[in-house]
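Order as written gives the chain letters A, B, C and D; numbering starts at 1 within each chain.
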């Protein structure tokens, strides 16, 4: 029973967090907690994989917990198993990383107790099978991650981040609660099985879908509900940031998939319009935000927003195809989305680990204070580069495969009958292409400014390579990125049961295709072979190197940089993150962020330095959240006057209430 | 019961309402106190009459309390307080007498309407009596919210409570009436003592609840 | 037997583009020079340059990292692979299915990604300028390219380059609005991607508006040779892409006999000549534009591509 | 062994009150206080196992048994807390021995009054008991004799008296309604008799009665706009009293309301009390939620949160139906436990920091980890976050309401979110960030606080079936 194993693992994690409370301050605590979490996560991962690959029937289990007359239902089906695998893989690698990284933690007693609980929360969400259990686990996950965000609460920004995060999380949970309330109906059929059986009316299903989009989307970081994400994810310790960005957002995606494709009944075609539009906007906005950042972890967090957008584009397509009964296309789109879920969890964790390594080595998150780290931390630099290539969707790594599949799904959509989609999908495709290109730009910036060039500060100059555990975790993930890039067929086939369960169709068997290439629909239509491309590049590259070194020269001389004859030794003359983004800021930022540049050029003869300042404004916050906050403040101020009345005025309130009620009575009949 | 009994009870109840209006009309504290004494007096009479027609002897006790305590002790005590605290003698109103009167009319009308919806099965005395009692209660409240001085507010509260007693005694055979009236007398005593002992002398030179409320929870 | 033959043809194709690339660059230069009434360098000048550079020792900046030395080979490999997957004189290449059009664009993307990193590596201001402008241009050029690809894919019902080319060669593709839009868009993208006038000027140095040349400023010797070579590979790639998509005449379908092979090759050479001439003509007849006009230029390309795709989505008849 | 349980519940506090009024000395009296409450609690527990017969004055059924056990339990834990709290107050000299004696006596009187109100079968007796409880708390609130305390007490007193008056009028009206059917005399005030014949009562009289009762007892419940006394009374009184007020007295008043609601529910011709309660509940919820934002006094802030939760509970009972009633009962229980736990924590915090001003309290989790995290846990619970008990009740209320009346559910959710944001806005400063204020050691008894929180935590995950059956039965009674 894989499900029992999973539950046991969750229980073990909870117990572990209790233990952590006790031993939190002791020296060995870090090793114990993270080591134990690593073991448990690995076991759970094994269980999940075995279920995904071997078991066909879902396992069910009911415990006498939660709402008394319902009990706590758990269920492990293909979808849960897949996401469970994602969660556990992330958890395992994060624990491995933290074995080294956690040693640098200043206040371990604020991290250790919540870390295993956080893992347990995510595990329970994906196996929950009734509304109450789901929501409890969901909010428990938010709560523990909130505590982890507040671990370094003395930094004022972190406190604010935690606050925004918690409020948004509660908002999302309420939205989901309403969605479930809708699906459960007045007589409270709270188990998912009952909801599936209920076959809700189209309008009910649609409303539930919207609410689910709000609820799950706010946790996943759908624009415009993403505002908490770039605040909270960087604030947490890096291995937690990795989990939040790489895994927790995926759990949110799971929540959406579960409701939209499983519980909400047969979809109507126009549901997908909302999802697609939001997905496209999210993708582009996310990467544009990311490009404007110079805080490494915040850049990564914003980039998560972009990838969530890509995933939701895939899901939207799946909904659209399913609504029109194009099951194979739906299976393709869903598989693309899920594959991207997996890929993103890999390289986003990897990148956050890298940023964590940089953080411990230099104490800096701000790219403007880094640079040249490739000399000081070669291995970290290498794996980080792998992560950058993967997330930029460049072959032959894994990021490209899932985006390629998404493109293939988009190319199938002209056959959709409904006009709304006919017009929307190409635009979404353009947005997707745009975001892909911008992502590459973004990571050229991130990598170039952080690791390349010359060190900009003493801290960057004196950085040292990070510890073995961290490197092991990062190399593990980098290896998986490559594997998933050159042998995507394996992973696509592994996803087949999920598609079959949710859509009723699956992508064609990939493992049989010649040369291990992937063929989504038909070989004549489109195919891609990561392995061959990888081999070609490797061979031709090394061939060129070999030939040149043999037949031509292999001499090499070190000299100062030429730089058109004006070499300047000061590292300040390098391009910074801000200046690197300047062209793109001019092209897109002026529209999206109302970016303004102020140049203060001293007149000739004046010796004061010239100053350049670029101002950005966050459109989402300004248009949506600022008014809301202001409104609440105003309301609070006005109502607050009621605290300062005289007794007589309070009495008149009572009196007024009495008279009103009597009037109601008088006019009742 | 005979027609006469009913009429007399009715008359007394009506009289109470009338006196409540007169209270609303006052703008001198002493005068207000006298009027209130009259109010209590009429209440005592009405209670006694009820005791007589319901031949419920224990109600005489209530009547006695009303007579002695409310009609005599309290007004005298308040007279003394006003004298001792040197409260200046006119009543500070929130809204003018005219408006208050109109509001009072409205309230009486309201209570009538509400009461007349009661099915005629309930005996008429109960209904009319209740209607009057309700109006007295509402007028008392009205007085509390439209007058600024603590004293006049206390008077308002006491006439409200008279209305309650009227209702209670009007309810035929209601148990615990005496206890309730006693309890209320104690309550009122507390309030009066509170007015007196509230270290108000030490802090403020007027028994103005507003001044008392300068501290309202959180200073701004 | 067939397999070996296909292998041979695939190999021939690979080395053909590799061999023709510098020649084509030289040809374009020659055309431009002639149009300017100059004698111009001999056609084989690029080969001579390459040999010279390969012989020279590499002068490496002190702050350069190992990545800086690896990148030229990566860039060359990626570009070469991409180029070798574009049908030149014959469709249905052996490995054409290993990467479709989208993958080819992504391969060029990887090459650019690494080149931009190289620009950042030494930590000079020029490299920075080059990289940041390059990625800005790419961030618009790539989507435009993908839109054009969408159009073609929707017309041919495939993103498989050989299939598309065969379909284009087949009579059933008539004159289509979307096709025209796609052609214009693709040409604009090609100009931008190869850093030709009016986007960039491959012939100049030390000009603050330059992009590509600024990125590779710190390269020397064999590294520079590889960069140059991959640049010309990229150019020929785009020309042959345009050729096989929009002028598929004479391109030989899979499994034809040897004479057809000859026809195919000569046709291909011819197309290259025409393409090179047109490019030179265009470059001489237009002035370079300011960097921040480039987004508008590419934005237009993107819009064309999107329009074409939309038309295809709305109905198959466009 | 038939009637002694109820007798115990009533007599033990009464006797203890007399005793404590007589005895000097803090230690002994504090101990006696604890012992008395313990015994009372045990008696209350025995009510689960056998019921005394219903008299014309006293009554024990499932409904009030639940309340009695809850009341006596919180009374017990609070007495434990108050022992350490009052000790500290004596040391700092905020209280003098005579006042402590008075305090302990009053504490027991309050217990007595609340238990009486709960077991009363006679609506008149119930009224008297609640009045007694009110007056006692008035005196307790004024205990510190500071200007502010006296003000709060005075405000409480005046508003409370008016409430009492209104409630009495309502009671009289009920009698009037009952008399024609039941006949004159005591029976017409005995609740069990009333509920039996309520169907035959004059509906319009009942309506009128309910309006007055709603406003009268609603004042005690602290429903907006009748709430004015509540925040100040909580803020200025001794913290144990704040805990008892929030945890118990509000419940007792609500219990009275429920009794009369059941009365009206029987009579089909009368207006449904539901809508009125729902309206008042929502008003209180939203109003209190917004009031949280501008609070500067930590105890007053949690007082407003009590108003908020009373609003939710009233709303739930107003909605009616098995689910909502169950949720209401659960929420009431959980809120009593949580809120008193929070006040325990806040009491110690205020003593350690020597102030109740939020601005002067900061970084508790750094300086006083146990206290700080306890407070955080309490706020998490009160904000309705899982896995603590209040989440379950909120889950049931919201989800069941949304299916029946979406608009109401939206308002409810809105209020909940605004309230949550307000609470955590303050908590951020109190529990986290740079430490502020004095950082001396806390001489605190954490047992009551964590006992409550443990129960709440457990209830959020697992409720014993017996209790569930019990609650469901009561929910059925409430209709």
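Here is the rule we go by: a contact is a pair of C-beta atoms (placed from the backbone, for glycine too) under 8 Å apart; a residue touches a chain by one contact, two chains touch by 3 or more.
Note that the coordinates shown come from a computational prediction; the quantities given were computed from them, not determined experimentally.
Q: Name, by label, each chain that touches both members of the pair chain B and chain D.
A: A
Q: For the chain pair with the highest number of C-beta contact pairs, give its two chain identifiers.
A: By number of C-beta pairs in contact, the leading chain pair is A-C.
Q: Which one of the chains is farthest from chain A, going by Cα centres?
A: B
Q: Please work out the Cα centroid separation of chain A and chain C, and write it as a whole number of Å.
A: Result: the chain centres lie 35 Å from each other.
Q: Please report how many Å separate the Cα centroid of chain B from that of chain C, as a whole number.
A: 99
Q: Rounded to a whole Å, what is the gap between the Cα centroids of chain A and chain B?
A: Chain centres of chain A and chain B, defined by C-alpha means, are spaced 69 Å apart.
Q: What is the distance in Å between the mean C-alpha positions of chain C and chain D?
A: Their C-alpha centroids are separated by 78 Å.
Q: Where in chain A do residues touch at least two different other chains?
A: 643, 645, 647, 651, 654, 658, 662, 665
Q: Check each residue of chain B and list the ones that touch at least two other chains.
A: Within chain B, the residues that touch at least two other chains are 114, 117, 141, 144, 153, 212-213, 216-218.
Q: Would you mind listing the residues of chain C that make contact with two or more other chains?
A: Residues of chain C never touch two or more of the other chains.
Q: Could you please write down every pair of chains that are in touch?
A: A-B, A-C, A-D, B-D
Q: Which positions of chain A touch chain C when the two form their complex?
A: It comes out as residues 371-372, 374-375, 378, 381, 385, 389, 392-395, 400, 404, 407-408, 410-411, 413-414, 422-423, 425-427, 429-430, 433-434, 436-438, 440-441, 443-445, 447-449, 452-454, 515, 517, 523-529, 532-533, 536-538, 540-542, 544-545, 548, 552-564, 567-568, 571, 573-575, 579-584, 586-587.
Q: Spell out the part of chain D that touches chain A in their complex, as residue ranges.
A: Checking each residue of chain D against chain A gives 154-155, 158-159, 162-163, 166, 204, 207-208, 211-212, 214-215, 219, 225-226, 228-229, 231, 271, 276, 287, 290-291, 293-294, 323, 363, 365-366, 380, 383, 385-387, 391-392, 395-396, 398-404, 409-410, 413, 416-418, 420-422, 424-425, 428, 432-434, 460-463, 465, 468, 472.
Q: Could you pull out which chain A residues touch chain B in their complex?
A: Contact set of chain A toward chain B: 643-648, 651-652, 654-655, 658-659, 662-663, 665-666, 669.
Q: Can you check the complex and tell me which residues of chain B touch chain D?
A: Result: residues 114-115, 117-119, 121-123, 126, 130, 133-134, 137, 141, 144, 153, 157, 160-161, 163-164, 167-168, 171-176, 179-180, 183-184, 187, 190-191, 194, 198-199, 203, 212-213, 215-218 of chain B touch chain D.
Q: Which of the residues in chain C come into contact with chain A in the complex?
A: Touch list, chain C to chain A: 54-67, 73-74, 76-78, 80-81, 84, 95, 97-100, 102-103, 106-107, 109-110, 112-113, 116-117, 119-129, 131-133, 135-136, 138-143, 146-147, 150, 153-154, 157-160, 163, 205-206, 217-218, 221-222, 225-226, 291-292, 295, 302, 305-306, 309-310, 312-314, 316.
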